[in-house]
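For clarity, chains are labelled A, B, C, D and E in written order, and residue numbers in each chain start from 1.
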Amino acid sequence: MADYEPVLLRNVGVDGSRTLDVYRARGGYKAAEKVVKDMTADDVIDEVKRAGLRGRGGAGFPAGVKWGFLPKGRKRTLLCVNADESEPPTFCNRVLMEHDPHQVIEGIIIAGYATRAQIAYVYMRVEFHEQFHIMQNAIDEAYAAGLLGKNILGSGYDLEVYVHRGAGAYVCGEETGLIESIEGKRGYPRIKPPFPAVEGLFRMPTVVNNVETLANLPHIIERGADWFLGIGTPSSAGPKLFCVCGPVNRPGCYEAPMTITCEELIMGDAFGRGMTDNLPVKAVFPGGTSMGVITGDELQMKMDFDDPRNFGMLGLGTAAAVVVNNKTDIRAVLRNVARFYALESCGQCTQCREGTNWMYRIASRIEHGAGRIEDLDLIEEVAGRMGMMPGLSICGLPDGATFPIQGIVRKFRGELEEHIANQEPGKAEAVLSVLN
Amino acid sequence: MLDILKDQFWFSAILTVILAVVILGVVAYCIYFERKISAWMQDRVGPNRVGPLGLFQPLADGGKFLLKEDIIPANVDKPLFVLAPFIAFGVAMIGFAVLPWGGVVDLDGDGVVDVTAQVADPGIGLLYLLGIGSLGIYGVVLGGWANNNKYAFFAAIRSTAQMLSYEIPMGLAIFVVVITVGNLRLEEIVLAQIGEGNVWHVVLHPFAFVILLITLFAETNRTPFDLAEAEQELVGGYHTEYSALKFGMFFLGEYAHMITGSGFITVLFLGGWHLPGVPGLQPGDVSIWAMLFKMIVLGAKIVGFLFLFMWVRWTLPRFRFDQLMRLSWKGLLPISMILAAYATTLVYLGKATNIPWALGGNAAILLIVLIYNGLLRTEITGRQANLPEVTIPAEARS
Amino acid sequence: MAKITIDHRVIECSDGIPVLQAALDAGWDIPHYCYHPGLTVVASCRLCLMEMQLPHPKTGEMGWVPKLLPSCQTPVRDGMVVRFDSDLVRDNQKSCMEYFLIDHPLDCPVCDQAGECHLQDYSYKFGSAASRMADQKHTNPKKDIGPKTLLYSDRCVLCTRCVRFTEEVSGTHELCSVNRGSRQEIDVFPGMPLDNPIQGNVVDVCPVGSLLDKDFLFKQRVWFLDGTPSICPGCSAGCAIRVDQNEDVVYRLKPRFNPGVNDWWMCDEGRFGYKYVHDAKRIAAPVLRRGADATTPDWEAIPEIVSYRFAQHVAKHGDDKIAVVLSPMMACEEAWLLVKFIRGVAPSATIATGFVPTSGEAQHFPVGCKPDEAKFTILPEKCPNRRGVELITERAGGNTCDFDAFVKQAVGGAYSGAWIVGGYPDEWVPKDLTKATKHLKLLVMQDMFENTLTEAAAIVLPACAWVERDGSFMNHTGKIQPFERAVRVPQGARRDGQYLFEIAGHGGLYSGERVREMMAEEMSEFSEVGDAPPKPVHQH
Amino acid sequence: MAWQTINRNEPVFDADAPPVLSEAVREKIRSFFPRYDTKRAALLPALHVVQDTLGHVSWKAMAEIAEVLDIHPSDVFDTMSFYTHFWNHPKGEKTITACRSITCELLGGREVLDAIKKHLGIDEHETTPDGKYSLVTEECLAGCDHSPCMLINEKLHKRVRAADVPALLAAADNDKIDIPRSTLFDAPQESQRAGSGSADGKTDDQVGTNVAE
Amino acid sequence: MIRDEDIIIVETPELSAAERLYLPQIIGGMQTTFRHLFKKNITVQYPEQKRELRVENYRGVHRLNRDEQGRVACVACFMCQTACPAHCIHIVGEESPWPDREKYPKQFDIDELRCIYCGMCEEACPVDAIELTPEYNLVSRSRQEMIFDKEKLLEVHDRTVDVKPRKNPRITGYPGTGNRSNEQPPGDDH
């Protein structure tokens, strides 16, 4: 893939890539101008639909279709930009906003125009301090240049873009949680239906799109849907940002079509460049932790929207891979993942609120050498009893908790059992009897 | 002093006083022994708290009877309610009047018989006894009626029926003796069992003895025939509402009745004060010491019967009422009728005191009874035949 | 009406109600915590999930949805097929119940909710016998969140009904949930305790023993209590309530579902306003005064004494000098019996309606809403039956007047004989009326507590509290609602209805229903009152 | 001890004390109103501004925010407690947010965290006695390409080694970012950061908005 | 519901001729009773002699246990009052003055005269606070004395503190019965 020319990341590394001038000099805002001046909203939607742009936030829902759900005779539409990138170990949105904020803003203008939104809220997680300032500065610049605000580029289209900072809640990355959070409430995901496209922020039709999804829009408009479809496979078209991190030689965010395999992502010269100290890969969370885990033997998995399902994963997710080498104790990984979901569960649905926490308690007990063999079955069963897939929860967070934990217990059961067998005899009973 | 005693009237008077005291004492101690014997039979100790060996228990009981609140419930028939226990007790006591306690007595040793050791010696002594005995039921019936309590009333009715049923075989059994002796005076009946060629009637008529014994249980309301006070179904029976002294009277009456009955059967069948071959117990021994000896012997025989009464009570369970009736009407009555007829026949044949004849007859009757019971009485007859038959499936039989 | 099929049984239900509600109405015991018909749906307890057939988004054909759907949130559609009796559903219930109990302290023995706790009931019915949770339980603190309410947060299942209640019904927003995930708790803002006039309902909506009433705390175990349907006499709203008593002691009042009147709620004033029932100072026996000496006559003699005294009075002073004051605390039946009696002995006697205690303004909830949008209202008229006695007075015809007019005339000496009914829990006698007693040669006073009038009365008859009587009240909208007797009268007293029944010349035992039948002959309003109270649409 | 009762009837601050939010801060909060349809939606920005101004959001501040936004204080408490970012008790001048995501943990995040704890002598969610540093952990800072990383106030420190920690903490401007700051959520000019010590002089019980592990 | 196969039909035995006469049986019975006249008594002279209780789970006077700190162990849950078939327990609960306990009995009365000593209270108690001691010597001079209040029941505990009443082993070990919470509940053998 060495010959792949980055599109989304084309400005990364260019001096002053954050500034409007540089962005414009490199061809920016042409698409936005084209859209607001020459195209109707439906044209834009059709183009995006034709390109088959699937949401990059994790669920992979086609963006054009999502826009099509908006009710016909609506008075107002609101656009929410999901920049609440909290999934470990995902950071591609950060890279986009940090290095090329105007690309995102241009995407917002196009999406806003297509959905006839007058206001766009960029919901950005609070830990993105620098990125917030970069983004806000870029927005200010865009306002000054007439790219935002009233009558954009003289087209008569108005769009206000506000950055709304989150405050440290993973679940606000869920679209309805994000909406609730903007409304100034706790970030409880809403029950669906009604979907946000019908009744979202402030009970108005609302579109929620990921930063990366929006960053793709200028290129689709500029180069056409056919170009977009020419990259990758028909169902997984277009450029995609991949993150790779952990004990690899060159962790980072890379752009590639969705035809690469996980192995290439880790080992490829253009990507991770292999493991540190050449240690074997034990496990990879190829799509962010919530999508599940593959073992070192399953690295041939393709990083597209479909193939991960064949490996017991929930989906492609954010395509951010964290690699675990064989020096790592799988129990620590299990505990870390379990802790993340236990602490980030919003607490609305019983199964998720209690189940994630229960899993964490079991996982940390196992890590401390006080596990029991039956705990493995238990943690797997608990993990199997939550999530949106069996209909047991409002949002997808518990699904995200299910897949990595079930994956770890299933795929590394032998190792876990070995640890339990080798732990200090009687410790589990001792710990449990102290607890109760 | 002695002269006064020579007068039968004064002798009887003094005897009455002595007897009354002694019998009351005996009655009281009967209760004590009843409890003791029942305890022994059940491997217990019995009363042992009041006095040595619990001997003062009757006194304590008596004191209690006297001192307890005497309740007369509302709506009872007051006069009868009060009267009934006295009838029951009084009637039982006056039965002693005709018992021949010690034959005839020569008080001063002058060879002339002065008095009879008997309160009264009427010619119809036996009839007196029978009559008085039947009166005993009066107390029960009146008590049960006066209680104004349905259980007591049931008891009264039961008693009546029971008494009615058992007096007939009893009368017939006595008839056997009377027809054999040919006299109703009790002293004569005793004497008829003594002397050459005479034996105790129990030897002569064992069947009649047994029947009289059984009917006596019924007459005295003792287990297994104490249906008039069946606690299970009638609370306390005829004395449900009685308490304190009146209850005590019923209680004492029952024991007095037992003593009378025992004396009665002793006189009729066991030779009264006589023991064969024992000097001092023969008709010729008329000294005052012989009289006392005779009295003791008769008393001992009575005590023996009392023991038998108690023994049976603590052995046998109570009859069901239909069983009680069946026993009387279908068992005792036919047998006693045959006995009476046979005894009459013997007298007619002049073989009234002939032992082989008498025993032979008894043996024949026993044979008939056994044959009837064992061989003939296989069919269910009468109303019982109309009962629906219970069919048992073959596979359920195991 | 929509027809839906639940477990092969077809039921009819109104359009658009949740499937859960339809199933509950049809008699299924569907476990649920967060759903309450009076509150918004949050679908967060995930216990009521069912399998459903929904139209396919593309083809429109009905087909089983592969996942479970929350029945509280899915509205019924005609022809819908729902499966409750399925392994998938049961499996979820079982695991869900296990999750609920993960951090639950299992302190049922000391929990006042035990016995009416849905955590207990559902665990028993839908849960598993043992918990596999072996790790340390997380314990949340107990909080004193208000003057009348305690919050045991470790028993909480976070259904947030209470929070929604304060947001949506009371509109006072005291309660909130704090923190998130498994550390979430219900709390109030410190210094702003849960203290609104209808806060007691949060205890009722709480399906577990988390919110508890300080008034009832540790007093009784609920399984000892017997509930009697009744009507709250606290104001003229006529809220349907349940009187919970054990051995003739009232321990608490609970609201009963009464659509259109109080729905599921009741106010604290009514809830805790029953205490006077067990006041030791209550008049418990009739008193007869002749000059200075007072006697207590037998109840059997009362009808004769009263009739005789009135007849004598009429003979002496004429029948237009007699007045009767019907208290709005009386039941309609009692008022009617009294009117019948008076009109019998003195046809032109004046019938006056009694003193109507009022306090403040009507309070509408949610706080700050318009009166016609109110979900719950506390009325200023602190008596249950003003409209009832007014109706009876009006139908009685002849001389009638209102209370103020009566007082004026009585002070002026217009009456020489009067029967005044009180029965108010508080001090009520106006000063003027006390002055009027000097004109009253025959005063029959029927009241609960001693006051200046009972001191002056020739005959004092004890009035009973409403829990001791039965009858019906007419609320401010004119709805006649029957209530039943919950406890027996104090020793020595007798039910008002009973002695009025006898005084009015009837034999036998008084019963509200029997008198209503008699009343219905002349007042059609009372012909269909005797219906049973409406079936509770929602059990908890 | 579940039986020990927390009394919520008594206010934890003095209602008569002077307001902790200056008019400038209130004005700043109000400036967010036009952005949203409801006033309540300005709650998160308001909390950011107040935390920026006072260092933390005290009970009194919550009540005053509620007043500005025209909602009940409990709603402020409710929302605020959901988010881990807000403190309802005083925090240090510099907040160290150590990342403990899986990537950081794989690359030595635990050692870094331990080094910070050891160096400052405090545990998570604690503040040094001199009020200089508060330590919290975050699940992921989205800096996985530079793990292990940590934030000191707004500055992201990348590839931190346990050995670097003392030097890093000692550096005076370790919280300065070299990007032009947007003033959108910043405190109004005239107010100064309260640093340690709460504005109403009271420390309250840990109803913690920060979820403890 | 009784199943058909569980029904055993017993036929009346046929009586022999001798049996029908009843006399041999009567005599046999009388022999038996007569023999017993001379047997050794088994009576124990109770107040003077006292016999060891042969049954370990004898259910005598109740006691109200104390916890380690000497306080009444009862949590006033009313379970015993609920379980009592004779309605002889009367409890008045109150908020406890101790920090580790929620509720305690302000008043705890057992009417020992009404009690039928069935032991249900013991079974019902979730904290093993009420137990039936093997103490059977229960006398008094008035009915009032036989209504044991809390102090008196605690006194019984102090007196019998060393006696551990034996309980049905099947019942112990439910989760939540205080110190035995880790045992598995019975279930399989039902």
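The criterion applied here is as follows: a residue touches a chain if its C-beta (ideal position, glycine included) is under 8 Å from a C-beta of that chain, and two chains touch if they have at least 3 such contacts.
If you're wondering where the values come from, they're calculated on a predicted model, not measured in any experiment.
Compare each chain's C-alpha centroid with the centroid of every protein C-alpha atom shown, and the nearest one belongs to C. When every pair of chains is scored by its C-beta contact pairs, the maximum goes to A-D. A straight line joining the Cα centres of chain B and chain E is 48 Å long. Averaging Cα coordinates per chain places chain D and chain E 63 Å apart. Work out the mean CA point of chain C and of chain E, and you get 44 Å between them. Each of the following residues of chain E touches two or more other chains: 102.
For chain C, residues that reach two or more other chains under the stated contact definition are 177, 179-181, 183. Contacts with at least two other chains are made by residues 1, 3-4, 78, 82, 211 of chain D.
Against chain A, the residues of chain C that register as touching in their complex are 41-47, 49, 65, 67-70, 73, 88, 92, 95-96, 99-100, 102-103, 132-136, 138, 157-158, 177, 179-184. On chain A, the positions that touch chain D within their shared complex are 85-91, 93-94, 119, 125-130, 132-134, 136-137, 140, 160, 162-170, 181-187, 201-202, 204, 243, 245-247, 251-253, 285, 289, 320, 322, 324-325, 328, 332-333, 336-337, 339-340, 343-344, 346.
Here chain B touches chain E in the complex through residues 37, 39-45, 311-312, 314-316, 369-370, 373-375, 377, 392-393, 396-398, going by the rule given at the top. Those residues of chain D that touch chain A in the complex are listed here as 35-38, 40-45, 47-48, 69, 78-79, 82-86, 97, 100-103, 105-107, 138-147, 151, 153-156, 177, 179-182, 184-185, 211, 213. The part of chain D that touches chain C in the complex is made up of residues 1-13, 15, 59, 62-63, 71-78, 81-82, 204, 207-209, 211-212.
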